[in-house]
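Here is the structure we will look at, set down as structure tokens.
Letters A, B, C and D mark the chains as written, and numbering starts fresh at 1 in each.
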């Protein structure tokens, strides 16, 4: 994939934003390979994502930012620029179950998803050998059931030490404390094993079985201080029937979980997800 | 479709049920064209549905019942026998929106679904001409907002007069009172415009939009006295995104609603739905 | 829906197109409510669709065209402008089966899809009463099996007389002759009852059953002189199994056919479909 | 999972089969936990699959077979009995791409799918380390482009030496010669990266892109001597659009391929797939 810059913008909607941005890029000879806009009619808020070939521009990232700043100021933009040549640092967290972690590691080692993994954190030692085989650091951070604060302090320290751009909870089974969630807004992605907002909290497949639903699902969302209530990035479902036990649902759900999580992580890493209050704009 | 009998059974599971039933049918030369069994491991309850060609048997419906009774008694069966040559009497109820009603009427007049429609009941007059064009009686039963009891009394009287086997709420927008629901257990089918148990009650598409879900759905279920909490027969979903307004969701949802309702009604009319507590066994 | 203009453009890709177009609109105070771009990397061709509120512009359709012409010339654009306040004239063609026609007529009479229907053409008389109930002209144009040329001459004359912008083959079972297809490029939409390119031609459900596929589908496409080979607008599938007879597939397929056709027609009427050789760009 | 016997039967349909089989099992106190029947109306052929708890029967596998033989003979049955306590021996074959192989190995090592892997065969050495990490034998069998016969002789020898019950082509990119295919009827499973019968042969995603389809898919099927024409076990699709390049399709398709292959392998290992000419009965 050719090296590119991604320009991500959100701001109050008004006439002239697209013209100003596209004119800026055109003036410098920028070759736009992807362009997405969305104007939310309710909130009157505007979102855009441009991908521009790095070699088509006569300047680098810093100069791009400096030259674009006046436009950003004029339209009161929230904005950022990323360089596809620089990988994000992603800390993966897991527990005992390997389906999501294995799936992400496969996509990483095959080059399907480009990111760096400074470490994998887990409250169990089970997945150490598998992670280490990939040459990735594995940190076993045990949980003391009577006082989890040490665990979460260790988690936070590890995230800090890793200089993580993103934390992915790949079926990490502990509920992060609110203060930890709030420290990394829009930077912690979780996979919840239900079609939210149905079946918040523990044992969602048991809840689904008890209710007798005919589809089960999974939800990839940003973590906020309220449990399973953060902005949804991606969801999907799979059909079940009366003949499926809870164990079947767990098994069938795993395939949805790993696929939905991988999609969500991809969208995030490609700067396709823009926060909009407690919702997301996803330029998929 | 050749005329057949459908034998529907549920009972405590034990060794020998299938043998006893299939032996009974074989002894009389019965040709089984469809056979479904399900043994629920948790409740130890057994469910079966057999379809037998009427012409392969040397007796009719009454005699079938009499001869089968000892087996039913022996295994403590809940059971019934239906004759595919006899149409169910189905009362359709709607409000102003026509998508579900139109869809069911199309399936009825094209012969895709075989049932009789003694009448359509509505709290509005809007759909009268369309229903009457089909040669079907349309009863406009207005609702007095300050006291709905007269309306529901009229609804009940109409159901009784129609000798209805089934009532289908095809986007009828009033909540039936508990006593009316309880009068017809397993005989009132509703389509709810969300993927239950998410978004119970009013304006589910508004709720879905506010939560920012990435799929919306519809649920066909039996009505019980608890709102939107009855046994689910069928569900499906459709993908939505940030660019879809509530109005879009309403429009996209209509296609799911009518398809899911039609499937649920078909399953019921073909005796494919067996109640199992607050869940359903659906031999689809 | 507020009245808007839709500007549809395709042209060779180069730097500055978006800037030029968006600058033009911004200069005149135009409020863009939807904006889609796509740059095809293989063909180096560029596609865009802008929706602009009519009331935000100081001029009407004619003046818009005149003022935009220099930009169009500069970038060698294929382009057109439509006014959402002006309905397209759509001739519907059907045979005996009503599922697609009924579905489109429901969407038309409920206002879900905005278009005018100058007439329905059919080689059979079966659907006359139903169409007439809607107050729509029904023309029965019989087919002489030994010489179909009279039929197609009559079809062509009816399309001409109707001043049709679009012809929708809603399960019209005759194959249009190549010269008729070529007379209306990109203006005849067909629904084929298979997941193309599988099962071209007659009796696709029989072909699907013989091959033992586990999903069946439907394809909405523009008609070209080569049978079932025109640009695909939309497709979808539904799951089938060994227990589904050809008759089941026909029934299950109908739901997919009508949904896929309705989506395709909507995309076309909303100017979301741009031809790209034998493929389509669909700004859904 | 409790140890069980699976009884798989297909035979000409006639009155009394279910009665005879279920009576046999009931007489010996057998507890049936799953029962599937299908009577094909066209071919008048009957299929059944029973799962019986091993501990509920007073005899073992050999005695079961001996006692059942008279019934099998009476109804001219093709039949077999398997013991869920005995794992199948499955040879996996791959090339360079790891997505299907990784996915199957994950399911194997997590215990989701129960089978033994005597070896992995590949025409490339790339995946050796990964396979060996699992403690599984990896045999690199290079292909000589000018004469592939040595390769296929080596493949056949390895299959024989492994005493394989099943061979799974997990994106093994070579076309097996007809004689090798015919040697293992119903025992070689392939995953083809298209929604068959569309896009048989090489580079199906390129074919799909050229045709402009709106869904791409994958097909799990038994290998026969005719390329990509064997009995289909499972299929699924994923939505694509004009913006998806061939490379995107390859990436999106991988998720479908691995999921569809895993489902097909599961169905086979659980004796849920019964051959019916060039089609399959799948008791899913």
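Convention: a residue touches a chain if its C-beta (ideal position, glycine included) is under 8 Å from a C-beta of that chain, and two chains touch if they have at least 3 such contacts.
Since we're looking at a predicted model, the values are computed, not measured.
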{"item": "Distance-maximising chain from chain D - centres being C-alpha averages", "value": "C"}
{"item": "Rounded Å distance, chain A centre to chain C centre (Cα mean)", "value": "37"}
{"item": "Centroid distance [mean C-alpha coordinates] between chain B and chain A, Å", "value": "41"}
{"item": "Of all residues in chain C, the ones touching two or more other chains", "value": "41"}
{"item": "Graph class of chain-chain contacts, one of line, ring, star, complete, other", "value": "complete"}
{"item": "Touch list for chain D against partner chain A, complex", "value": "98-99, 102-103, 106, 110, 112, 133, 251, 254-255, 259, 262"}
{"item": "Contact footprint of chain B on chain D as seen in their complex", "value": "15-16, 18-20, 22-23, 25-27, 29-35, 37, 39, 41, 56"}
{"item": "Complex contact set, residues of chain B against chain A", "value": "38, 40-42, 195-199, 211-215, 217, 231-237, 241-243, 245, 276, 278-282, 284"}
